[in-house]
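Common to both upcoming complexes is chain A, partnered first by chain B, then by chain C.
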Partner chain A sequence: MKRLAWIQGATCNGNAHSFLNYPLLQELLEALELLYHPVLPSRLTLPQLWDLEELDILVVEGGLREGFQRAGFEVNHLIHRLYARANWVVCVGSCAVYGGLFGDRGVAFAGEEPTELKSDKVINIPGCPAHPEWIATTLWALVEGRPPLRDTFLRPKEFFAYTVHAGCTRNEYFEWKVDARGFGFKEGCLFYEQGCQGPYTHGSCNKILWNQESSKPRIGTPCFGCTEPDFPKENLFRTKTYMGIPASLPLGVSKRAYLTLTGVAKSFKIQRLLGRLFED
Partner chain B sequence: MSRMRKEERKRQIMEMALRLFSERGYYEVTIADIARELGMSVGNLYNYFSSKEALAKELLLYISKILGEEIRKINMMPIGVEEKIQRIVEFYFTTVQERPELIDYFLRVYLAHKEVFKNGCEGFLCVSPFVTELMIFFEEGVRSGELRDQDFFSAFGLFMGYLGGMAFINGEGMLPNELHFYAQDVAQNIYQALKA
Partner chain C sequence: MKIELIERIEGEAYLKWRPDGRPFIHFESSRGIEGLLKGRPAWDALVIAPRVCGICGHAHLAAAVEALEEAIGITPTPKAQAIRQITRYGEMVQNHLKWFYLTILPHFERKEFLTIHPYILLTTSLIALFAGQWPHSSYMVPGGVTCDPSGLDLLRAKGYLTRLRRGFDEAQKALEWLLDRLVQEGIASLGKSFDRFIILSAKSKLLATKASRIDLGQIQLYEQPPSRALGVRYKGRHYETGPLARMMLRNHPHVRRLHRRYKDGLATRISARVLEIGWLLDRMEGLLDGMVLDQPSAVQAPFQFDGTGVGIVEAARGSLLHKVEVKQGRISGYQIITPTQWNLANGDEEEPGVAIEALSRGPKELSDLIFRSFDVCSVCTTH
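Presenting the complex of A and B:
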């Protein structure tokens, strides 16, 4: 049985709690030997981890911050020590992956820059928090000895080869360039004015839904781009534009291509998309 | 007929139509007139364009591509916004003088006969190559901090309305000097109005 320890750097506990929402948590925990988890009953205490000789999976939540302590240990030292003894290091949440909100750096990256701990044994699952299913599916893959394919930020392609835009229920409005009139409306796309970063953010929030039910853009809140190294940006509820043209364009789409297509799409007024979906 | 020759023939038809529409006016020119000038049969011309309206719409796109391509070259130059404006103005005025039919078609056919273009050239559909390049010009100017951020259309209207207006009064014979005499001042006025 794979031995797993989940340790925390500087964190809000968001990922530990997110993980608890995994519907098959019981089954997953039965397939693992849980040495330590900050919230779940564990075999060992945090100080006992210092003497741990080997483990299969080290999960790191939270950013690395100089001098940050837990249970009398400098957490950075503990992370480095266990990193060396683990077969796999799974970083959950954007703080552990890039530094994010709380860290000076992540485990294998500081923002976009690789650190001395970047190696093939790292699997990065960014997000604020990471989706429970992204975490659990990755752990299942390791339990079964099938490590996931990863991108350049060591993120599993299964979840991060997509953009958050893929699967968004507002895609028709994106196609025809119909803006949302405000937050909370079912109608309209949030990309043009409301700050949505879905078209250039890697993630599968609209493919693997939150609470098996929904996502930020679906309910009318813009994607904040929380899985990317530059998270968090400022003014998350407003699209940065230059003379009305979005400063960041859909991933891999040139400005000329985008503007050409936008001009064409905007030339048509699709009445069905201009009204309310349900009239009161 | 090879594809190449067919394309070339099509281009000749468009150039001739452009000249005739611009000189005589859209409603004064028939498909038969265009065919006669080219020494081809009316039936053959219909192999290229299904109607006068279809030809008129394609001409608009044709002009937009020619103008857009030149502005694209200026956009790609490693120069500042002020100089880009100068070059766009000079290019536009040169076009007015050397290929007046391109600008006349825009001002005297397209803008004067919107009913011809209402189906198939809605919004930006037939002027997209030109407008897209101007969008890129403005976007990059704001991004680099040289131009003031504002809605695209308030800037676009100032720029193109001004140039179109100069071309129009030039065409009416109202300008005491030839168009290029005004290029530098016009460019400066545009820059002063739009700069950050």
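Presenting the complex of A and C:
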């Protein structure tokens, strides 16, 4: 059985708890030997990890910060030590991947810059937190000996080749450029005014739903771009615009293409999309 | 000095025993989230503040939004308030289940977290129905909530609640078993402290039964080096916050009965947290039934404003306070006081903290269990 240890740098524990939301947790735990997890019962204590000779999968949650102590160790030293001994290093959450919200360093990247630890054995699963299915399915893949294909930030393409926009229930409003009238409506797209970063954020939040139920944009909260190296930007509930045009455009779409399509789409004024869904 | 490392309390803490037998609780690191908020646009607090904690981030969101609303001078619609309460209560339910099955029962060789796991999933699905996701939603905004639930969404939520009651039945059975065990081992009334409680959201403090008003201006934070966490007291004294405090204030008959016998000992403190699940499920159902959907989900609120505000909510582990100062739409000051800062404050020889008092009374062999009975949150304490 593959031996796994889950260790933490500077973190809020959000990924440890997100992982607990995985519906097939029992089956996954039966397929692994859990040496250490910060919440789940496991075989070793944190101080015992220092002398761990070999392990298959090291999971890292939280950012690397100079001098950050845990159980009497400087966490950076423990991470470096176990990194060298592990066959795979899975970084979960944007703090471990890029440094994240607290302004630390990630394992293989500091923001967008690769660190000395960037190597083929790293798999990055960003998100604040990372989605339980993204974490667990990646671990399954390693248990099965089928490491996932990765993009330039070492993120599994299976989850991060999509944008958060894909699968959003508000897509019709995006197509026809109908914006939400404010917060608290099931109608309208949040890209134009409310700051939604879904069209240029890598992730599958609207393809693999959260808690088997929903996603932020579906319930009217903008996507904050939490899987990207520049999370969190400023003014997360407002769209930055230049002369009325969103400053950041959908991934891979040129300004010219965007303007042309917007002009055409807006000119139609689709009545069905302008009113409230449940009113006559 | 004898030192114990206590793990899996949403991080770790050290319990150090001084030569004179008094314990000291030490946290090694802190993250500095208050500093991170300074200078940011005010609304960004709704995304940053929940990241204090992966298990009670929703309570931090609620405290942040209430602080901003006070600073703006805006009140959310009753519908928005009800929805917020439902998801906050949901977060408390999953917390209490996890604490009981991951922290308390394993101490008595019952390692059965996976039997309760499906109910934890259901709780987070119920939250996500309104909040989009758990953990780390930011669906509460000044003036209301971003969601716009339909009547069928409410029915779906009620279905989840009905199923969750079975989870509570399971937990209650395990609690009955545990109470017998505590009595058999003669440890039911160990872990007692001052029998003195504080509930900031109700603005009251309790000395066993007498309630009296509190003045928020009398809350004092203090440093306790070498620990990186601040302690907190009220008018120079320490108070216990959390489910035991709340269930005493609510006059919950079962908890009151246990309290008469065991005071604020292990049996009462543990039971209060488990039994609060039932109280929460009842309230959630009432809130769903009473919800008037044709009210707006949100009153539209400004991004540019000046003001100060305080948000106080009951988090799973007790009273949580956020205080914000905004100048021209940007945060110029932010302060967070978390429940564990109340319960785990060290104090000094004359006025020891709540958990310190309980640990001092001993016995030392049970200090790990007594410590964990407070449902300690390391990440909150070291925000």
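Assume the second predicted complex is superposed on the first by the 278 of 280 C-alpha atoms of A that agree within 3 Å, B and C clash if a C-alpha of one lies under 4 Å from a C-alpha of the other, contacts with A are read in each partner's own complex, and residues count from 1 in each chain.
Note that in this section a residue touches a chain if its C-beta (ideal position, glycine included) is under 8 Å from a C-beta of that chain, and two chains touch if they have at least 3 such contacts.
What you are looking at is a predicted structure, and each value in this text was computed from that prediction instead of being measured.
J.: Is A:Gln69 contacted by the first partner chain B, the second partner chain C, both or neither?
T.: In the superposition, A:Gln69 contacts chain C only.
J.: Examine A:Leu149 and indicate which partner it touches, taking first as chain B and second as chain C; both and neither are also allowed.
T.: The answer is neither, since A:Leu149 touches no partner chain.
J.: Have a look at where A:Glu234 lands relative to chain B and chain C in the superposition and call it first, second, both or neither.
T.: second
J.: If you tally the residues of chain A touched by each partner, is the higher count for chain B or for chain C?
T.: The larger set of chain A residues in touch belongs to C.
J.: Looking at A:Met1 after the superposition, I want to know if it touches chain B, chain C, both of them or none. Which is it: first, second, both, neither?
T.: Neither partner.
J.: Touching A:Gly220, do we find chain B (first), chain C (second), both, or neither?
T.: So A:Gly220 only meets chain C here.
J.: Going by the contact rule set out at the top, does A:Gly14 touch chain B (first), chain C (second), both, or neither?
T.: A:Gly14: touches chain C, not chain B.
J.: With both complexes superposed on chain A, which partner does A:Gly263 reach: first (chain B), second (chain C), both or neither?
T.: After superposing on A, A:Gly263 lies in contact with chain B but is clear of chain C.
J.: By the touch definition at the top of the document, which applies to A:Ala247: first (chain B), second (chain C), both, or neither?
T.: first
J.: Just to be sure I follow: which residues of chain A are touched by chain B in one complex and then by chain C in the other one?
T.: none
J.: For the complex, which residues does chain B have touching chain A?
T.: Within the complex, chain B contacts chain A at residues 122-125, 128-129, 131-132, 135-136, 138-143, 147, 149-153, 155.
J.: Of all residues in chain A, which touch chain C in the complex?
T.: That would be residues 8, 10-18, 20-21, 23, 25-26, 29, 38-41, 45-47, 68-72, 101-103, 128-129, 182-186, 205, 209-221, 224, 232, 234-238, 278 of chain A.
J.: Touching residues of chain C toward chain A in the complex: what are they?
T.: Where chain C meets chain A, its residues are 5, 7-8, 10-12, 28-29, 31-33, 36, 40-41, 43-44, 46-48, 51-55, 57, 80, 98, 102, 106, 111, 113-114, 117, 120-121, 124-125, 127-139, 141, 143-148, 150, 296-298, 300, 303, 379.
J.: Please name which positions on chain A make contact with chain B in the complex.
T.: Result: residues 241-245, 247, 255-256, 259-260, 263-264, 266-268 of chain A touch chain B.
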